Amino acid sequence: MSLVEAINTTMQFGGLKAVNELNMHIEEGEIVALIGPNGAGKTTFFNMLTGIYKPTSGELTFAGGSVAGKKAHQICRLGIARTFQNIRLFSNMTTLENVMVGRHTRSKAGPWQAVLRSPGFKREEKATVDAAYQRLQFVGLASSANELAKNLPYGAQRRLEIARALATDPKLLLLDEPAAGMNPQESAELTKLVGRIRKSGVTVLLIEHDMKVVMDIADRIYVLDFGELIAEGKPEEIQKNPKVIEAYLGVGAEAMLAQA
Amino acid sequence: MAEAIMNTITKPRQGAWTGKRIALIVGLLLAVVIVPIAFQGFQELSFFVRVLAIAAIYVILALGLNIVTGYAGLLNFGYAAFYAMGAYASVVVGNLVIDMIAKIGNVGLREFLTGSTWIAMLPVAAVVAALAGLALGAPVLRLRGDYLAIVTLGFGEIVRLLAVNDFLGLTRGAMGVSTTQVNPVGLTWLQDNARLTFGGFDFMFSVNLYWYFAAVAIIIFTIFVIRRLDDSRLGRSWVAMREDEIAAESVGVNVMTAKLWAFALGAMFGGLAGVIFANSQGFVSPESFIFMESAMIVSMVVLGGMGSIPGVIVGALLLAGIPEVISGVAQSPLLSGLISAETASSISSYRYLAFGLLMVVMMAVRPQGMIPSKRRAQELQPDDMRIVEDEDQSSWTVEHGARHDL
Amino acid sequence: MALDTLVQQMINGITLGGMYALVALGYTLVYGIMLMINFAHSEMFMAGAYVGLFALTGLSNPKLVGAGTAHFFTSSGFGLVLLFVLVFLIAMIAVGCLGMFIERVAYRPLRNAPRLAPLISAIGVSIFLQNAALLWIDSRALPFPQLFPVKDITIYKTASISTLQILILVTVVVLLLCLDTFVSRTRIGKAMRATSQDRDAAGLMGVNINTVIALAFFIGPALGAVAGIFSGMYYGTVHWGMGFIPGIKSFTAAVVGGIGNLRGAMIGGFVLGILEALAAGFLSSGYKDVIAFIVLILVLIFRPGGLLGESVVEKV
């Protein structure tokens, strides 16, 4: 059974089919990339997987169960976490607190215990801090634990969003353009980070425009254009696929391919 | 390792227990206790104690609303409804209880029990108000800012109108209901024993002072609960929800549940305030729960500084205290020679005029309030559900029925 | 269920609905353009009633306008018509200017502030105006002079329609038609529609946003003033707090019809008026206000788009 299975999944807004009969699957332990020109429907697909949009038709399953129509926080509890294209951190919370919020589904202390400061509450708070701190160490942000999220440099903010997503103990991590705005050195760090994430047992689906990153880490690639799947396969295959080059890489493709 | 981190992260947010801070708090507590006692001792100033008692009740209300509006970021323009429910519950149930107790033979026991009834009414009112908070919260959770304002206003009015129409025969309509006259527990003892006279200072423990301290006890309880909630899983989910509701949901926060908790807890404190109010006044009528009251409580929170406990307290003290002080001074023996009775009462009427003007001016000049919360970047959570910006469409803002065709 | 009671309540309901429609238009005009609930709009209704009261008393007072004019106004049919037209015009202009003034002073500084600020400011204005009337005019309810000849015309058994109700209905229909034409046919009317659809784009197309907004804050209050005068004539009194409940009900009407939608506000007004009259006639008049609030809450929760608005999906 695939971890994620999309069968003729469609998302229609009025007259526009943002995602048109998409068929794809993701197996556990893979790193799959979703690429395509702007407006191809990639983030829309993320939104469907995470419960922000409900698919207009078709099936979309995760770990055997349908995610269509489930609420975002329920899907998170099932094991899908994500980052956003435009970073959506809790700006006025500290780095550590941001990640602590990520532990919400994996903790359960209610208001009563909070007010009474029961031993169970204290234990859970400590566990939450520990778990959050661990994730910060994992992404290399431990030293900024008490900084306000809005004061972090851009690259650190992206890593913080990843740490927060990891804190939810996901089976599947969706990364929406994690390398956007990064210089080559940062992208290389990110590639290593994604590798470490996979090693820790998390399956990764990422949207990316940075072809070097994609070619370096992805096991398989799906290519979307105008909401439709135009190609899929291993990185080497995609690189040579004329439809992909035509739709996406366009002018200067030769130069880009030569670098990758 | 985590211990060290934990110490550093909780402290900067809630402040370390430095010597300076402890001194400040002790000083405040002393002032809270000594100042009204001082006022009580001087005959011309004793009316201030009543002012303080009233202001203290509003502090509870403002703190309660602050949970809903300041922490969870949800507008509520009908908060007086919870206040009303607590008050009515306290009177109706309390009178029933007192009637039952009256059958007890032992005078001492009987007086002790009737005097303690108001304390027993606190949990009753808390539950009633909290349930009402849930009842209000459940249907309105998805509403956007200004719609939420109107719906909560409607709810407040419905409660008031039900009271005016003698709902279930309990509320006696516009006439209101009175508490059965009893001496609250401990008052007689205090009146007999807590006395101090020297020179011009003649102190006797008064009823007003009793209810003032009762209200202060509730205030301390309220602050205690709020601060503990603030630093907890629920508190964090409130902040996250306020910062970015979609991100919070995506990270696993059940936003609906968090909002419901805010409504219920916020309402609960309104109910507690209602008990103090009902018992200190001895009488409850729908007049005390008009929309103007709800608007005033919102103003206390907004003008004081949403989300900030000291800000909200200051807001309540000023907005509730100043008009009462003005009326009190105008009508007190101090100035009786200087101004006529009509002028005195019209000064009281001007308070709402000034209040309205103040709201307009404050919004234009200092919308973040007098003592803004350090945490709050904006007054209200972004009330349009901004969906992640897709490449193909610009951000989808959800407008509730805003069909903009004129 | 007696048929004549039904007929009577329908007549009452449509009359009431007409007044609600006039006020609802004010709410919807402003909301459509500025996405703001003008809380102070209910006080425009009240202000209109007071201005109408003073204009009416003043113009029919021999000491002020001379015995001949006063007599002309109050006795001859033509004079009476002229008197009322004048009174309405004076009230509309005065209150319209008041509305523009309030926008300029209290709301314009907050155009880019978070949504809560204008709402609080509007509430402040509402409270200020109510208490200003209380303090500077009178705290008691004032009687509205009954100069208009009120006669009941029997329609069906006990059901009758009064001349006043006819006047209200005719005036309301005329005003609604005028507004509808204005908004759909005139240049500035189109500018208003454009601004309500997309403020920035309209501005980029050369529409003077400030003018459009000022106009909305003139027309809305002016219509509210007319409703206020009618309320004074219909119920016979004018009171500083008279705007609050009708204001909320009219806002409900605007939402029922689809906030931001002019025709919706008109329809919503009539719907609400009829519902209220039927409830008062057949259920209990004490609870009629409660019913209005319940309708409001139900509509806002289940169909915030209203009858004519779109059924907007919560989460896209």
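We call the chains A, B and C, going by the order they appear; numbering starts again at 1 in every chain.
Assume a contact is a pair of C-beta atoms (placed from the backbone, for glycine too) under 8 Å apart; a residue touches a chain by one contact, two chains touch by 3 or more.
None of the values given here were measured: they were computed from a predicted structure.
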Label of the chain whose CA centroid is most distant from the centroid of chain C: A
Closest chain to global C-alpha mean, per-chain Cα centroids: B
Separation of mean Cα positions, chain C and chain B [Å, integer]: 35
Computed distance of Cα centres, chain C from chain A, in Å: 52
Distance from the mean Cα position of chain B to that of chain A, given in whole angstrom: 43
Two or more partner chains touched - positions in chain A: 13, 52
Shared interface positions of chain C, touching two or more other chains: 315-316
Where chain B touches two or more other chains at once, by residue number: 387
Contacting residues of chain B [partner chain C, same complex]: 75, 139-140, 142-143, 145-147, 149-151, 153-155, 157-158, 161-162, 164-165, 291-292, 295, 298-299, 302, 346, 349-350, 352-353, 355-360, 362-364, 367, 378-380, 383, 385, 387, 396, 398-406
Contacting residues of chain B [partner chain A, same complex]: 1-3, 5-6, 8-9, 12-13, 225, 228-229, 231-237, 239-240, 243-244, 246-255, 261, 265, 375-377, 387-393
Sites on chain C touched by chain B in the complex: 29, 31-32, 35-37, 105-106, 109-110, 113-121, 123-132, 134-135, 139, 183, 189, 192-193, 196-198, 244, 248, 251, 255, 258-262, 264, 286-287, 289-290, 293-294, 296-297, 300-301, 303-306, 308-316
Parts of chain A lying in touch with chain B, wherever the complex brings them together: 13, 16, 18, 38-44, 46-47, 50, 52, 71-73, 76-77, 81-82, 84-86, 88-94, 96-97, 100-102, 104-111, 114-115, 117, 121, 124-126, 128-130, 133, 145-146, 164-165, 167-168, 176
